[in-house]
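Data first, discussion second: the structure below is written as structure tokens.
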Amino acid sequence: MTIRNITFREAINAGIRQEMRLDPTVILLGEDVAGGAATFVEEAGEEAWGGVLGVTKGLAREFGRTRVLDTPISESAFIGAAVGAASTGLRPVVELMFVGFLGVCLDQIYNQGGKLRYMFGGKAQVPLVVRTLIGAGFRAAAQHSQCIYSVFTHMPGLKTVVPSTPRNAKGLLAAAIRDNDPVIFFEHIALLDTDGPVEDDDFIIPLGKAEIVKPGKDVTIVAIGRMRHMAMQAAEQLAKDGIDVEVIDPLTLSPLDEDAILSSVKKTHRLVVVDEDTPYCSVAHDIVALAAQQAFGYLDAAPQTVTPPHVSVPFSPPLEDAYIPDAAKIIAAVKATTA
Amino acid sequence: MSTVGIIANPASGKDIRRLVAHASVFDNNEKINILQRVLLALDAMGVKRVAIMPDYYGLGERAIDGVKLASLRVDVIDSPMTSTEGDSTVAAARLRELGAACIIVLGGDGTNRVVAKGCGSTPIVPISTGTNNVFPVMVEGTVAGMAAGLLALGAVDAENTTYQAKRLEVYIDQELADIALVDLVTSSDLFIGTRAIWDPSHIREIVLAQAVPGRIGLSAVGSCIQAVGAQHDTGMYLEIGTGGTQVLAPLGPGLVTRIAVREHHLMAVGDEVRLKSEAGTIALDGERQIEIYPRQTVSVRLTNNGPRVVDIGRCMAEATRRGVFQRLGAEPIADSR
Amino acid sequence: MAELTQDQLLWIYDRMRLIREFENRASALFAAGKLPGFVHLYAGEEAIGVGIMANLTDRDFITSTHRGHGHCIAKGVEVNGMMAELYGKATGSCKGKGGSMHIADVDKGMLGANGIVGAGGPLACGPGLMAKVKGTDQVTICFFGDGAAEQGTMHESMNLASIWKLPVVFVCENNGYAESTPVHYHSASKDIADRATAYNMPGFTVNGTDVFAVYEAAHEAVARARRGEGPTLLEAKGFRYFGHFEGDPLSYRTEEEIAKNKSNDPIDQFRRRVIDRELLSAATLDEIDARSKAAIDAAVEFAEASPYPELSELMTDVYVSYR
């Protein structure tokens, strides 16, 4: 088994490539995913783009233009087409460039994709993956920086996955493609250039299983997506103060690995949830509610959340930096549970 | 001074031949543009009144809405709107009763056919906006408006600038059932369906009031054998099938095809021919209109009972000869600065 | 016109009649308070669904609308299951979980009635894309109403189908009203088919009360799609007898219009013409009438005798797998 250091971006590409090689019904579509027809240089065997951030570069060359399709900027049409194709025999992986574009195609994702199976009494399945970029930190302002995976997690019939490392990005994406339900797969823009060890071989990481990133005994930190890395920074500093935190990355938000979170809370008696999504009706608050309802007797302190405030993502760099949760805020929250 | 009537068919130029024969699309916004150019020309000529047939699309209202006229009054008349071809026949009769000097018709052969059923002796100015356009002419609306204006002003002689069209009269069991201005075809199609005729293998017999080389449609089968002018006193009968001659003819837009003609002969005005076809449909001016019941007899007579048609070229030429445009242009030119 | 066989003529009449019986009965059952929720009825538009579906096989797909019962019956969905679905019973087409607005039968290529106006356009591009990727000759019909014609989804999907040359036929069932708003108010283009030019596809309008015209038009459009030449926009103009939904007071419709609709009844037209042309006898057609009525009687009986779903059914069919 070969393990190589690759970026998160390359890992996503590898995950799609792996599944497209294994299953001819897997197709990829979205805006510029092939490279834009005009910039496709066949003689040179190159694609100029492979998506706005180059994530899907090279796939059109390997799998051809029938399976890797550039789309017009018509998110309703091509996501709806992906839902229709999924219910009639393909496994489409469709790219919604930024999650902020949800507003122009939500109906097709949740009223159609998320509900067909239930409305049809189980007589349909929608093996669809919607990949989409999330996250602040790129000075991209309010419409290109949100997380809002809580919105999708709220919706029955959809599964939601937030990878955090190159390895779990590849493995979870492959699992999402093989899954027979519609999965929304959230790729954090600030993670694309991060790297880490990933097996070259085919593998999947099953959906619905949380990862214990760092075991600890004093406080449970549940950290989603990029926040896992913030939590690890905080953990290092807290260790110097003698606080041994356990860091859990849920990876899949729906279905959530409730057992992993509850057993950790029952062990540490303290809970901090770190989430880059805005706080109201959020996954962070759901996890707090979970602990309150099912592990109340075990809690030694009120659970804490570390989230951005209830505002849109600002553009100005100092404001955006203040918006994003960081290690200092996490440390403060942990200390609030141990005070 | 008299009124100019206008009948614009919102359904012309849009049948299934867009799908089966790449026919050009005559969308209704373009018909509105044409109407506006007609109205501007009539206004500039000094015509005072125009009456337009109402239709579901509101072609008349939309044309009026988007155009600035000096002194022309335009009314959309009160006439039934059933979205069937009968609307144009009734409207033509109303315009005739209103004393219209002429009726401008926007449509193809089919539209002119139904207008001809109601317009009596009122001359028509046919502008092509159809799929089959043998009867109407491709003419700029502005010029058609000017020609109509000349007639309404009495500036040209109506006798000299119009001609008497022929028509084909269809008799079913000796009763006059309908008419055609250009062509009548029997088809093996059982039902009227989408009306258009495009598959040559379904055609059985063709009767033509005119066969002008260079026009497309079913009359081309005749015109590729022998020319029969629109203003000649003859027509033509053809039976489709092997055993006679074979021609390459433009049967429709994009459809230049071989067709076998078993027998053909000229008909004089007044001649009647009994059709051989039994079950099937009869298409009039390119559209299936009549479903033939078993045991019915069908005959066709060529007559001179068609509408009077304005010859736009002759109209304009006579106006020039008479100095009409110089007279109308003599008023001081408005200072536009 | 493509020749219609005796069997096809019988099938056409049988389906139109069965739809009419189903809808008239649904209206009566709703009025009697027997059906939960609300229903949108197709009576009057039978010639459209049946004329189109006469050109399809079970392998072809359709996406439907909130007014979907007629599409279901024409596509071959069983009326017992449909009626039970309207009652919310366990034996319904969707186990009682969808109801009138979501009847579906994927095995029959019926990808669901839809409660969202204009949602079927994007969905229909899906099986179209599937057929293209897999290289099959399956065709998808996208039914939408004149109201849906004003949704952005329809514009997006007609454009997408055209640039990808998908084997999809877009069928606009123009019954004159978007709920109660007349088409001449809501559409800048009075003929929806006019829009086809902008999508670089053929478009034309047919009389949606004449099943022969619809059949013939669909025959050409479906053949074009099967040949891989891309999508077509077909507009079928017709009317609905009932309101937008059952309970709609219909105050926006004149007596004159109602009388005109009756005189254009698609089933009466068919009967008259095939009898006059001596293609089918009145006795044969009467027999089909009786059979349709009996089939709907049986469907109601079946639905009423069927149990409601077990409460455990509440939680099933959300996901294929819960991990």
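Order of writing sets the chain letters: A, B and C. Residues in each chain are counted from 1.
Everything below uses one rule, namely that contacts are C-beta pairs under 8 Å (C-beta built on N, C-alpha and C of every residue); 3 or more make two chains touch, one makes a residue touch a chain.
The shown structure was predicted, so the numbers you read here are calculated from the model rather than taken from an experiment.
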Could you classify the connectivity of these chains, where an edge means two chains touch, as line, ring, star, complete or other?
line
Does B-C or A-C have more contacting C-beta pairs?
A-C
From chain A, which chain is the farthest off, judged by mean CA positions?
B
Distance from the mean Cα position of chain B to that of chain A, given in whole angstrom:
66
Suppose each chain is reduced to the average of its Cα coordinates; what separation in Å results between chain B and chain C?
37
For chain A and chain C, what's the span in angstrom between their mean Cα positions?
39
Going through chain A residue by residue, note those that touch at least 2 other chains and give them in order.
none
Going by the contact rule at the top, pick out the chain A residues touching chain C in the complex.
25, 27, 66-67, 69, 71-72, 74, 76-90, 107-108, 111-112, 116-125, 156-157, 159, 179-181, 206-209, 255
List of chain C residues in touch with chain A within their complex
61, 63, 92-98, 102, 104-107, 111-112, 114-116, 119, 121-130, 132-134, 152-153, 156-157, 159-160, 163-164, 316-323
Note: in the complex, chain B contacts chain C through residues 10-11, 14-16, 18-20, 25, 27-29, 56-58, 82-83, 189-195, 202, 279, 291, 293-294
What does chain C use to touch chain B in their complex?
1, 3-4, 184, 189-191, 193-194, 196-197, 202-206, 210, 212-213, 215-217, 220-221, 224, 232, 237, 260, 273, 276-279
